[in-house]
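Shared chain: chain A. Partners: chain B in the first complex, chain C in the second.
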Partner chain A sequence: MPLNYEPLDINTDVTTTRTLLHEVIPLSGTIVSGTYSDNNIKNYTHGMFQSVYDYPYLSSSANHIFDITMGFTAAATVSGRGLTLSASCAASGVQNSKKLNTYTQFAQTLLGYKNSAGNEVEIFESDTDISDDTNQMTSCYFITLSRLIMKEQIKKGSFSMTIGTGSFASGLATTGSSGTSLNKAMAVVLHDVSASAGTSGEFKSGLPGGDYGILYVSGASPVTASGVIFYQAGVVVLSSSFMANPYNITGAAFTGAPYWKVGATNMNVQSTFITASMSGACDALRRRIRNISFNNTTEINSKIYFCRVPHNKYNYSANPTYTKDSKIQVKDLASDPPLSYITTVGLYNSSNELLAVAKVSEPLKKDPTNELTLRVRLDY
Partner chain B sequence: MSFLDNSGDIILDAVLTDIGRKRMAAGNFTISKFALGDDEINYQLYNKAHPSGSAYYDLEIMQTPVLEPVTMNNAINYGLMDITNLNLLYMPAIKTNPQADASSPSGWTSPMGTTRACYVTGGVYVVAANDVTYRQLTSSRVNSPMGVEQYRYRLRGDNPSAEETNFILFETGIDNNKITATQGNRTAYLDATNMMDNSFTISANELFIASVYGLNSSTTIANDMSDSTAESMIAPSFGYLTDAGSGVSSTTKANFNDFSTTARPNGILGTSKYSVITGPRGTVGGLQFMVAAGLGTATGTTPDQRYYDYGKVAQNLYGDDHTYDYIDTVVFVKGDASSQTLQLPIRILRQNT
Partner chain C sequence: MSYRKIGDSDLFFNTVEAHPYVEFFINDGNVFYNTQPRHLGHRNTGSGPPTVTAVSSGFLSLYEYNIDRPFKGENRAIPHKKNTYLEEKASYDAVDKPINFLQDNNRIYAWISKDSSRTAPKTLTRTDFGGGFQNGEVITFDYPLSASITREYTGSSYTSTASYNSHYVALRNRLNFYGIRSPHYLVDSPYGNKDGRPINIISIPSIFYGSKIRPGTVSLKWYFTGTLAAELRDENRNGELIQMSATDNGVNGPQHSASVAGVVLYEEGIILLTGSWGINNKLCRLVEALGSDVRPAWIYFGAGCNDSLKQSSTGMNNTFTSASFGISFEGQTQTQVMTMFAHARRGEANYSNNPTFLKKGQTRALYTSSHVYQEDPTILIANTVSSSLVDYTASFKRQVYISRVAMYDHNRNMLGLATLATPVLKEEDRSYAFKLKMDI
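Moving on to the complex of A and B:
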């Protein structure tokens, strides 16, 4: 059915914008472990990672929030042993090949390859220069955040994670509570605050996995880097080394209970990487997570249409109620100004197909004394 | 589809329509123009007698809650008009002729003489889906008030241009008795204001109506003013309707097709006992419909699934020992010049048993 259309000039009536929206995403440790008695933790028969949901995962209301997995490179060493981590795992552990494969998968996806032949996988490093082979992280936990919560990317400088470094059973002391720190290893805060967007040098760009920033231990002296975070990929890589010993920012000796526990067995993190199953090792980390917080980023590309309504047009309506006995309801005399009330803007293509509709929240009065510019924004 | 929050600043809430998403997926999403609508507004709420003065005339209109946009492509059914003449006081109406059940059918003959202007009955125009249904309605004198003029109350949907069939007659013009129906006023109020609808766009649901028929180009209509006591409507070429083709997809209504038909000048001047327009008359149009394929299957066979999905099946409508299937739909008639719209309620009827 024919309508009266007003043309849009592509040069003057249409513009495009890009907007970044950020939401604060707080993930409480009680969700990750505790509240749902692990009914929100999904383990798989392949045992290579576990998924964390925000509600028991059998419920249709559950949302996937992140996965945890772990792995090591073939060159990872074990302190005090002559064997590598992999060799130790092959000899006395489980899932050695899957732990190697997992590390390699993340490394090749996020870092790429390093030698001239292009087939040797890079090693994660806790600095912004992965080519110098220093500060390598050869055994790591990987936390992969769901796109549902991270959207397009994590906002640089917004990530923080509070994690216990000691026994889950003994409880976690908070940073700064030095009075209890001797028998309760510290819960430390990892953050990337120095990697705020625009601060070049504090984050690395150009890798296959996109930008990454360094995760530092908050308040530690000397400055301690314990992992990296890939902002676009939404992957947090935690070095196992910062949990190799109970962390105590006061420097005092730890005197508490066994600080790392998998199931009923006390072991340190290296033993965990060797002997524990991947899901068991993931449990051990997960139960030490006190909270995770970051800002996600939603990138909205918008096209704005400026619908300019001239003063001398669109003052009459084809609405059936506009006339009574053929007489225009809003006029008494021919010289009275006509009126109409706009509630809807329809956007059409050249074939008169209605492509988009916009509604105003209350009627807009249109008469010959005013011109309107209705700004219709379509987000993509 | 809920109401928009109108408690604060004016906001503009926009969505893509179904076809907009389809065009975006296909990579040819290009917006080149816009139109404005006011479908929620009831202009009868404009109160020029408000005791508080002119600032309050449109108080109720401005308080009209606006519904959220929906993704269907019928967001604007009528639309605002780009008329630049600010001195219009009248706009033409489109009215059917005859308009409704005659209160005294025996005293009210068809204005078309031997030609066949269809009456509405029970609030709808009945379109028989097949010949058996059409004949049954005629022969048993069902479907017509008081059993008279029974052949005036049905349209033949299987063969719209058949010689004996009826059609829906409609007129346009200034329907106000304060404006005398003279040729001069016709020129002043319709021609000079560009409100003369010489063509119409007919929108019909493609699920039920395959094509539309309009008056052929040789049809004329006028009254003989030589004897005001013996007024007659002269239409020498009636009886022949022209197929408007298969139409094009409607841009404003999902599943609807638009058909274009031309109108004939209305030559009835002065007071008329036949015309339904009390002021200057504009044009005249006629309509008939071909029902969609499958709806007219033989009586006694299983009804088309559309009768189950969109209508009713095996209904005892007339107490004539027969049952009928039917689908109710609406056809929109829009004047291409005035943008005024007429809605025709249509019942597609099939004799079931």
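Moving on to the complex of A and C:
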């Protein structure tokens, strides 16, 4: 029970701060692509997405790290065919309606609607102007990162993803058969390098899914964007075009049709979207992921109370051990100045009810010759 | 879909008190928690504990983030840079620029930028924080954060203000405070003075027990060559650790059954042992500093429990493995729980918006235009009534299967969803109350 109370001036003695705590989250490809013989990959009977864990998911130690799925719009076209992806899928593929619904649901949740009537969903674009209908990504993979690892949001400018875009025999290769460097990038890095936070950062705000940034292919010439990332929602939208051609990084042109394995079958990405099941298509992408890394963010809000101890106060203690045999124990002579040791600061409400206490790591000597300001920080 | 309001009597809060059982076993420097074996990692086979959780057995990993991840420094910068991590770091160091990027080491770890708020990890000293980092530079701290019990033996707890064990001294006030429970707590009591005596302190982090250790559940077992030699219990629930039995005390030494060998500080998670009598007449090497074998006694209990003692330690011998120890107790946790009752009363909740609720092949809209949408009033509901007879369709009854209960706020935003293990058949003349519980 204190002898007296020192009122806090709300204007001068109390302030708030915000600290950003980050974590580095590296997800190496061995976790994603088969170290555990796919025992860490959970497929569901509905077949609409698969969940990736960092350890066989039957273990209680396993953490869910992300889900992966794919889809396309009704207008997505197929090069070299007269039909749309959807029509081709309906004719010779599987899960056509689920692929359409998946794309639409992501677009509806993250982008919203095109018009005020609310009957047409926006389409993902690999630029920051969603309304101009250019650079549309009509067939995409979706990677939804777990809340456990992305926390409150992904740090802008920190995301990168290394992915193999070569044909199945050399999906992640960096050198040719003779040991010479390839003139095309088989393993490319997609990253949101220009999306650093701040007014100069290249990211889009104000959408239902929050802020999003563009995923560029590192070093590609010309500058190539191949996806977007939603920072608060933790969703990576990857255009299927990343597998359309290996990216020309060293200048020499490359033409060809890169294939990957879907089960035991070699397919290019268009065929995968049409004929493969959603989980099969996800497997194909998963096995091309060499690395994903990003920084997450947690905000720590704090209130700081500056508890001022004037020179002429708090030089006495109500502690029963303060006096013994009619003598103040911490004083040698009766003529010595008053003296106390401060160990605890109590924060009280207007009814003098104790709300919180703060302890100092070692007692502070207080006498009339000094004044103290104790900085009490409350995190929440 | 219709909404029903949660009434006053349908919502209440209470506290669930749980008592998690905790058990440790200690032998030759190894600690086992709740009889869990050491799970060796599949990928994590290298530096640090090569286990799935990257902590030694007997330890808890706080967040269990780095599951089976090897600590392996990659020459790769996060965020992505054109140059390698080392190249980039060298270029920053050359111009003394604060390093604001990180190295990929295959593990999750936390970082913070040094700024004027002076926030820093607790593991960083004030000097290191001030001189070791520039403003804007990243300060990292590793996961996993771990916890386990520790045992500390001190031959001389407090002899003077110049010679003392700080952990014991920090407990002296608390021991005197709990003297009201039992005089055995008191530093200076009719049972002796703890100052200056050998003391055995076992510290249990609160993550293992919650708010306090449950009185009456503490048991310390001393095994000698695998046989139970003696046991301590706090059967009076007042913190006194009383010896229950001893295998051969009656033959080889004074009978110490019912003697108090120490006390438990339930709220602080501390066990303090002072009993120095021989539990049996065997000898083994339990104290490194003594350099000779001693009789098993409670002040040596838990030797090897994260105190760096093991058979192979300098000054120890193979008799150390004869001693093994069991510690068990119950914790006490309190969880606030919100309970809601959602009622599906007779004559209500008998319709479903599921498309399969209606008979297949019917046209729902009778008439539709820019101004009018009219449903067919004669549309038929599918008959889901089961019949036990072959080739016979049971008579139609209005019924639905309830599979989920959703909770909404005032604006009809869905806040939570409870899914039943198996759908419940709701017939028109039946009432159901679904009980939803949520920890808060």
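To be clear about the criterion, the second predicted complex is superposed on the first by the 324 of 380 C-alpha atoms of A that agree within 3 Å, B and C clash if a C-alpha of one lies under 4 Å from a C-alpha of the other, contacts with A are read in each partner's own complex, and residues count from 1 in each chain.
Criterion: a contact is a pair of C-beta atoms (placed from the backbone, for glycine too) under 8 Å apart; a residue touches a chain by one contact, two chains touch by 3 or more.
Worth saying up front: this structure is predicted, and the values here are computed from it rather than measured.
Chemist: Just checking: does A:Leu354 make contact with chain B only, chain C only, both, or neither of them? Give me first, second, both or neither.
Modeler: first
Chemist: A:Thr30 contacts which: chain B (first), chain C (second), both, neither?
Modeler: It touches chain C, and chain B stays clear.
Chemist: Using the superposition described at the top, determine whether chain B or chain C touches more residues of chain A.
Modeler: Partner with more touched residues of chain A: B.
Chemist: I'd like to know which partner A:Leu378 touches here: chain B for first, chain C for second, both or neither.
Modeler: first
Chemist: Touching A:Thr19 in the superposition: chain B (first), chain C (second), both, neither?
Modeler: Only chain C is touched by A:Thr19; chain B is not.
Chemist: Okay, in this complex, where on chain B does chain A touch?
Modeler: Its residues touching chain A are 4-6, 9-17, 19-20, 23, 28-44, 46, 48, 57-58, 61-64, 66-71, 73, 75-84, 86-93, 173-176, 201, 203, 250-253, 258, 279, 332, 334, 336, 338-341.
Chemist: Applying the document's contact rule, which stretches of chain A touch chain B when the two form their complex?
Modeler: Against chain B, chain A makes touches at 1-8, 10, 14, 305, 307, 309, 312-366, 368, 374-378.
Chemist: Using the touch definition from the top, list the residues of chain C that touch chain A in their complex.
Modeler: 39, 42-43, 52-53, 64-65, 67-69, 76, 78-80, 82, 102, 104-113, 117, 119, 140
Chemist: Flag every residue of chain A that touches chain C in the complex, lowest number first.
Modeler: Result: residues 17, 19-26, 28, 30, 35-36, 54-55, 59, 61-63, 149, 157-160, 189, 191, 193, 218-219, 291, 293-295, 300 of chain A touch chain C.
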